[in-house]
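What follows is a set of structures for review.
In the two complexes below, chain A is the common chain; its partner is chain B in one and chain C in the other.
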Partner chain A sequence: MRGTDTALGAAGLAVLLALGEAAPRLGLVKEAYFPPTSRIAAALGREAGDGAFWTALGDTLTGWALGLTAAVVASVAVGLVVSVVPYLREATASTIEFLRPIPSVALIPLAVLLYGTELRSVLLLVVYASFWQVLVQVLYGVRDVDPVAEETARSYGLGPWARTRHVLWPTALPYVMTGVRLAAAVALILAVTAELVIGAPGLGARIAVAQASQAVPDLYALVVVTGLLGLLINGGARAVERRALAWHQSVRGEVAV
Partner chain B sequence: MLRPLLVVALPALLVSAWWIASDGSTAVYWPPLRTILKTFPDVWTGERLRTDVLPSVLRLLAGYASAAVAGVALGTVIGSYRRVRAFCEPALEFLRAVPPPVLVPVIMLFAGIGDTMKIVVIASGCLWPVLLNTVEGVRAVDSVMAETARSYGVTGAARLRHVVLRSASPQIFAGLRQALSIGLILMVISEMFAASNGLGFAIVQFQRGFAIPDMWTGILVLGLLGLLLSVVFQFVERRALGWYHGLRESSRRSP
Partner chain C sequence: MRRLLAGLAVGAFLVAASACGSSDDSGTPGTDTSSGGTTTVKVGIIPIVDVAPLYLGQKKGFYANHGLRLSLTTAQGGAAIVPGVVSGQFQFGFSNMTSLMIARSQNVPVKAVANGVASTGVAGKDFGALTVKKGSALTSAKDLEGKKVAVNTLKNINETAVRESVRKAGGDPSEVNFVELAFDQMPAALDGGRIDAAMVVEPALATVKSQGGTEIASSLVDVAPDLTVAMYFTSAQYAQKNPDVVKRFQEATAESLAYADAHPDEVRSVVTSYTKIPAAVLAKVTLPKWPAEPNRASIEALEKLGARDGLFKSAPDLDTLLP
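Right, the complex of A and B next:
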């Protein structure tokens, strides 16, 4: 069963690539807009041989990693404090619901004015966008704490710190991990967007240059690179999740099947 | 008595903190809140609502709606057939992993810089969360329920509507919710790139012209729009998924 699935998936990818090669060659789409797969692959090879490409990739990953780390640390800290301190949760609910839907790209003009094309512009957007993803998950996670476990810990005389460490945190962790996985993807989107729109150095800025200079195969090659990056980040986040939650029902169940 | 007070307390506190902290502000980029609020009605009057806000919202709705229809339709097909799913999955995973904003330059090649481009950009970003969530939802249809429906002779459109889509709807709505914020982001970005009207266009114009208080009002408008959309969505979701929330609530109370 698994083998056929993999084979079918590979066939699907092959058909996609073949279509990409055949459609422009047969004149179904204009080659100037949609270069054949082979030319995109050649452009990808050209990019990989260019030092500037790797610098851009490094810049994008730096913005992504720094922004994501800052957002996760801040949102876990804020989330725990908000849910542990009485009344704070209800008091912050409306504010969180108000701030969360503000699209982070609305901050682009502000970021441009404040920091120009520096890394800090990228970070402002990345942190703002990923912060809410994790925060909301932390809040949901803490709410899911089993009252019996909580009461048991209390009656055994565990203090607030020990209760947070041994009851609250393990309960919230699966939620937090889901939040981190979502935030990792969002952080990549915002990092590339900031580079694309603001012009901060990175893959996004390189895409903007390729577009301006009509280097269409390179444009596609760079888009493919961002897609691969997205896949890697998603896969990496899943792997981290599995390791961090190896003890948890959802992961143990997965392995048993 | 305490609850409503708590709900308004922090926002009121934050707004007054902003008001007081920025009141004497002479920093160019951080104008006093007083000035921003005074500028607000001047900037967002009937004229600009018609020329900038309305086109933006219409594009967003057009893109979002087409993505929702296409996503649910394709997702149902892919989710229903195991082989089709295995065939498409890796390709779909890759396409989804591409950050949607990088599609703006690509789609500009095909569709120019008109409204079509913006609608296609919005739709192409919103499609994936809806599509993949529908696939998952359709896949997870309870097998007992599916068999029961079959043995009662519920087939075809009735089966699709009452069994498959109904039981996938919580997942579909989760996808629609994700798509909403992506759509809003793409709306703004596509207008920042190449447009002659729209919210994103207006905000960038203000920023380039150093009309700082006007720029701030633009940010506020986007925030309000995001909030409004999410409130409307929550309302629709509560109506459509009322049965589901009720079910979960009751199963939580009696485990």
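Right, the complex of A and C next:
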């Protein structure tokens, strides 16, 4: 089944690449603004041979990883505390719903004022955007705890730490993992956007330079790189999720019996 | 359990905070890091041909001779540079004159310190031009009445310049429909007929020309002869506290500008180090002029036109703005 999926995925990509090659060659789109796949591939090769490209890639990944880690750690901690303390949950509900939909991009002027074009500007946007993704999942996850399991654990004399460890966390984990997977993608989008708009070093800034330089194939090559990066990150997040949840289901199975 | 979780939360925030803090290895913003008599200053620039003298001056050692080391930080236009300089993230920045005058008229404490870039002053051979696509029926700026004309930023220097071209050609600028479009998107938009004319600068101008597009006016030249288009600036606060650094930056920049003006080949070669302009395009790019000193008369002309178009809340005080 997985083999078929992979084959279909590859076929889909091949068709896309062929279309990308044919459309400008046949004159359906202007070659100057939409270069054929082969020219984009050549530009990609040039990029790969340039040290500055790898530095930019490293900068983007640094912003992504630091931002995502900080957001996940903070949101899981805040999420658990807020859900476990009933007063806090009620006191923060409306605030969270108010802050959550604010687009991270709207914080760009603030980021520039505070940190200029440094990495910290990128982190501000990445952490803000990713934080809510995970937080909301944690809140849902904790709400999903089976009261019977919770009461059973209590009556067996399990302490607060043990209950968190054996009842609350296993229930919340699938939600948290979903949140992390969504946040991983959002963090990449925000990292590249921040670089593109603010000019913080990274792939986004390199895209902006290519754009301002009228270097169209290079521009597309860099956009392709960000796409590939997104694909890798999503694949990685899914793999982590599968592992974490395989463990979780086996534990749940024993509890349910 | 609550105490434990609260502890976890505090710990997480500390981790998050230190993760943010540890990335700061470039010194506290707004403070110069001096070592061995050399002051490092952060300069916010746009990665375009205009700022080539800075790269060249750094390479040739003009800044080192004045005890300066430039940390050139590329940003995406004035949106990041002006607030960056005012908040002390950058010590110096690069901005066009209209933006600086608008900032000054809104009491944003900016102070121009060194000349940036000037128009060549030669109609038809400038680094910016009002262009139309190949075979367009529009032949004069007057024909733009009722037409869609792209400028990179509305209510800024290029709109002022185009309005003046229309006026000089005997047309009514208030009849022109201005639309905002990034320079790099103008050639495609022009070619696709989505706009009727575009005020482009290099390297987009070279791209338009390579597709057979033609110039109908040299709008920057129409504003004033040898127009000072952009300057390097700092915040009034920084200028007041560090008059010596500002003076050294002025002197080194003046030398760099003069050198760049005299060595166009070296300019073209240094441009490839910080832009990705393809060699074929770069060869056709019209370089701007880099006079060592700003042209006050041209800036006054730009101010009058800007005031006429209602760009300024109150008249910007050029005596406090200019060096």
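As a convention for this text, the second predicted complex is superposed on the first by the 238 of 257 C-alpha atoms of A that agree within 3 Å, B and C clash if a C-alpha of one lies under 4 Å from a C-alpha of the other, contacts with A are read in each partner's own complex, and residues count from 1 in each chain.
We take it that contacts are C-beta pairs under 8 Å (C-beta built on N, C-alpha and C of every residue); 3 or more make two chains touch, one makes a residue touch a chain.
Every value quoted in this text rests on a predicted model; they were computed, and no experiment measured them.
Of the two partner chains, chain B and chain C are each touched by A:Gln211.
Look at A:Ala77: by the touch rule set out above, it reaches chain C but stays clear of chain B. In the superposition on chain A, A:Pro160 contacts chain C only, with no contact to chain B. In the superposition on chain A, contact is made by A:Thr226 with chain B only, not with chain C.
Of the two partner chains placed around the shared chain by superposition, neither chain B nor chain C is touched by A:Gly236. With both structures placed on the common chain, the touch criterion links A:Tyr33 to chain B and to chain C.
When both complexes are overlaid on chain A, the residue A:Leu123 reaches chain C alone and has no touch with chain B.
Once the two complexes are laid over each other on the shared chain, residue contacts for A:Leu113 go to chain B and to chain C alike. In the overlay built on the shared chain, the residue A:Leu196 is in contact with chain B and with chain C.
Chain A residues 32-33, 109, 112-114, 196-197, 208, 210-211 lie at the interface with chain B in one structure and with chain C in the other.
On the side of chain A, the complex with chain B involves touching residues 4-5, 8-13, 16, 32-34, 87, 90-95, 97-110, 112-114, 185, 188-189, 192-193, 196-197, 204, 207-208, 210-211, 216, 219-220, 222-224, 226-231, 234. The part of chain A that touches chain C in the complex is made up of residues 30, 32-33, 62, 66, 69-71, 73-74, 76-78, 80-81, 84-85, 109, 112-120, 123-124, 127, 159-161, 163-164, 196-199, 205, 208-215, 218.
Of all residues in chain B, only 3, 6-11, 14, 29, 83, 86-91, 93-106, 108-110, 181, 184-185, 188-189, 192-193, 200, 203-204, 206-207, 212, 215, 218-219, 222-223, 226-227, 229-230 touch chain A in the complex they form. Put simply, chain C touches chain A in their complex at residues 1-2, 4-6, 8-9, 11-13, 15-16, 19-20, 23-24, 26, 29, 42, 44, 46-48, 73-76, 79-80, 83-84, 87, 89-90, 182-184, 187-188, 191-192, 203-204, 206-207, 211, 274-278, 281.
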